[in-house]
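First subunit A sits with subunit B, and in the next complex the same chain sits with subunit C.
Then we have the complex of A and B:
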């Protein structure tokens, strides 16, 4: 009954209702997007870091993996010691280097990774096989397409960076596989080879850039990181959660923006709903006074007007949540070009909990906005209002 | 070995000129004895905003020795003669330096500004959505305002005031509201700009400007306000004038 009355009132002014729904829907969409942006990056980054089952990272002291070109020396001994620990179920050493890849055309810069093919978490083979011997190369799918490389093709690869490349220490490689690289950033041409092959090519024998660690099932990664940090004080051992926190600190701008714009969206929603309901209720003072005069309780009037406002907010919020999903895709496509971040990172991640939070926040803002004019209307002095309205 | 440290590191580590230090290369425990030769003011560089590691400056041979990278450099900066063209020289150097690339400063600047270009595009998209919301809000408010005055407007129509005059009146009112809102928004924007700059300059200890109100921004804001105002006015006016004047007066 209350809902029917509220619907009829909204339908009585279709343009006004439509515009109000439109305005609140855009604000709702913005709120949802900002909630998605606020938590999306950490969720997405956390998922990406652990997607291959490696929960910990070991890097040079004071750095994050691939943060600098500083490497871990005496890598073989370090990896052996790590593998011997009870807290560790597997170690995947990785050496990274910039390299030049020459095919028939101009040499192009590529990002080369040296890995242990039996224990690695940086690529998934799409075609062919993993590089297991010197002279074998795995090429990222995007790079392979761009450079026209197929399994069986050959390419000349030099590494070491800068003028060192001119010293003729390059090698010829055979492409043995095409792969998707988990952590490749947009536009990055990635290749992988055996760890020792890259170490030799880049002049970094016995070095690795970082290592990825798996902990045994049931073991707490945080506790394992803390325990290993005591045993290996000269290296940085971080869990996925710590890395996410550090990445978030660097990208704190987006969290701050999300907080500000999310708050503004709520304020806009409250203002719009409050204004519309105030004007709408003012128009109906006479009707409300008549209803009160024939015995309708103040509580019933209050509930009916509140239901009208909340119905408006609900319709707008539902429209806004759909709109928000489209806007998030648009904004995501812009931020996909953010340099230095893995292509698989998502800034906007849909999560039911955040959607529910956005919906409840909107309802709360709408309820606050409706409460004031509704309370005023329900408390109108009946006789004086009827007299004034007749005048 | 003399070392220059940046102010943040000097403050955090309580370093002063003349203090002894030990500086070590990667994976080299112990390190070499050094002395703080001074505190340097780093150039305001947007590309280093997110960098959380403090910087120290050493003489090139000292760093090369520490890192085991003798006779190596990451890059050169080349100063040209007054009549030199940076693109021509870059092309010539590129041809004679195999495996290296020579880039004009403008190109380096463009490439290192990718982050800011993306953030700028993101801001524009957010602004577009905000303008959409603002436009709908304005149209809604104008519709409410004219609905309040529908009987008054109907009476004006019955005494002979033309639809065109009333249309112009509503549109002009909406445009004035929008422009006033736009000007107010510019004021809020200027205050927000000052707050943003003060906050982020403090956070990042830099003199960089993070937000700026430029003449282009001002004109764009005013122009958008006028366009949105006119559009909202047209919607509200047609809604108002589409009703029958006699019916409105009777109501």
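Then we have the complex of A and C:
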């Protein structure tokens, strides 16, 4: 009976109800987007770091992987020692270098990765095979499409400090596969080859940029990172969680922005619902006095008015959550070009728990907003209100 | 018949604070309404009729004197108890009907029963019977917006009877109705009284008052 009354009261004033739902829906959408933004980047980054099963990263002391051009020297020994540790199930060394790729057209700049094809976590092959020998090249799908490269095609590649431009300069490579590169940023042309081949080409023999480590099943990556850091004090060994934390520190303004705007949207929700319900309740003082006079309890009046307010917020919040999902998608497409971040990073990640939290926060804001006018109405002096309304 | 009054006002006064001035709406009224009575309170506007009815119906409490409804001193009850007393023992009828516009006739009648905790099936059946009793068996699913003034008041009377109250208190029940409709409402009150209902009506309508078994005149806050 209470819900029936509440829903019909809302339907009795369709324009007012629609405007209120619209207003609260926009605020709800903003709240959801801010929650998605606040936690999305770290969630997405965390997932990306472990997507290929490597939980730890080894990089030069004081840096993050690919943060600088500094490399790890004596890489072969380091990799061997790491592979010998019980805390390590696998090591994927990676050397990164800028390179020039020359096909039949003009040479283009590419980002080259030297990898061990048996232990790699930077790409997923779409077509063909991994580069296992010198002269074999794996090309990123976007670059392959842009440059018209297919499996079996050949290209010249040069890398290192003195990049020279000119037809036929550099080593000749055969494209053996097309792949998706996990950490490539938008528009970045990626290629991969055998680690030794790139080291030689770039003049970086015995060096790697970073290594990715897998820990044995059941082992805690944090504990493994801590243990390995003691054994290898000259390098930076961090778990995915630590890397996410470091990245979060750098991007803390996203969280602050999300917190402030999320709070603003909750306040707006409370003000909107409070205003609408105060107007609606003021219009019904006589009706409420009659209800009280015929024996409807103060509690029932309160519950009915609260149900009306919460029904309004529920409808608006559900609308807002759908709207928020669309807005997040649109914003995501804009932020996809954010410089220096892997293309696979998502700023807005839908998380059921956060959505539920947003929904509950909106309901709470609505409940607080409706409580004051409802409490006042439920406690109005019945006889005097009836008397004044009859006059 | 019981010798205990259904409602009794003993030297009741009611003063309202209105914009810094105190207005004494009732100045010491004593009235006993026995079971089966049909009492008409007559008087000009502002004489204190509605105030007296609010006190008799436990909607308000006196600033002096006592109102005993079915033997219970209304002033001794807290708000929750007084609300419950009104719900179960008093049926209120207003001049302007005051039905909830978004509920159907049947739902309006069901409302006090729902509050009293009557099960859904039972209250639906009882509401239907009450609406048939007031001649609106064919209008049960109509909302007030589609009912005439007389039908509004009939639904309001059915709502007042919902929890089988000991007392019906009606404030100017024909004040908004034409003479023909007023006559039918009077007939309805007479019938209800004939079936044993105790009724107190405040009215300007001499014809309605003539239908009552007892008439009292109120002037300037005093029964004369």
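Rule of thumb we're sticking to: the second predicted complex is superposed on the first by the 382 of 391 C-alpha atoms of A that agree within 3 Å, B and C clash if a C-alpha of one lies under 4 Å from a C-alpha of the other, contacts with A are read in each partner's own complex, and residues count from 1 in each chain.
Quick note on the criterion: contacts are C-beta pairs under 8 Å (C-beta built on N, C-alpha and C of every residue); 3 or more make two chains touch, one makes a residue touch a chain.
On a predicted model such as this, the values are computed, not experimentally measured, just so you know.
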Item checked: Superposed partners subunit B and subunit C on subunit A - clash or fit -> fit
Note to self: With both complexes overlaid on chain A, does A:386 touch subunit B (first), subunit C (second), both or neither?
What the structure shows: second
Next item on the list: For A:279, select first, second, both or neither according to whether it touches subunit B, subunit C, the two together, or no partner.
Entry: first
Checklist line | Which of subunit B and subunit C A:62 touches, first, second, both or neither | finding: first
Next item on the list: Kindly classify A:148 by the partners it touches after superposition: subunit B alone (first), subunit C alone (second), both, or neither?
Entry: neither
Check: Does subunit C touch more residues of subunit A than subunit B does, or is it the other way round?
Finding: B
Item checked: Angle at subunit A between subunit B and subunit C, C-alpha centres, nearest 10 degrees -> 90
Margin query: If we overlay the two complexes on their shared chain A, which of subunit B and subunit C does A:234 touch? Say first, second, both or neither.
Written below: first
Notebook entry, point to check: Is A:295 contacted by the first partner subunit B, the second partner subunit C, both or neither?
Noted result: second
Item checked: Closest Cα approach, subunit C to subunit B, once both complexes are overlaid on chain A (Å) -> 12
Notebook entry, point to check: Which residues form the common part of the subunit A surface touched by subunit B and by subunit C?
Noted result: none
Margin query: List the residues on subunit C that touch subunit A in their complex, please.
Written below: 16, 50-51, 54, 57, 59-60, 79-80, 83-88, 90, 92, 94-96, 98, 100-103, 107, 110-112, 114-116, 159-160, 163
Next item on the list: Would you pull the subunit A residues touching subunit B in the complex into a rising list?
Entry: 13, 15-16, 19-20, 22-23, 26-27, 29-30, 60, 62-63, 70-74, 100, 107, 158, 161-166, 234, 249-251, 253, 257, 261, 268, 272, 275-276, 279, 283, 327, 330-331, 334-335, 337-340
Notebook entry, point to check: Given the complex with subunit C, which residues does subunit A contribute to the contact?
Noted result: 1, 4-5, 8-9, 11-12, 286-287, 290-298, 300, 382-384, 386-387, 390
Check: Which residues of subunit B touch subunit A in the complex?
Finding: 26-27, 29, 50, 52-53, 72-75, 97-100, 114-115, 118-119, 121-122, 125-126, 129-130, 132-133, 136-137, 139-141, 143-144, 147-148, 235, 239
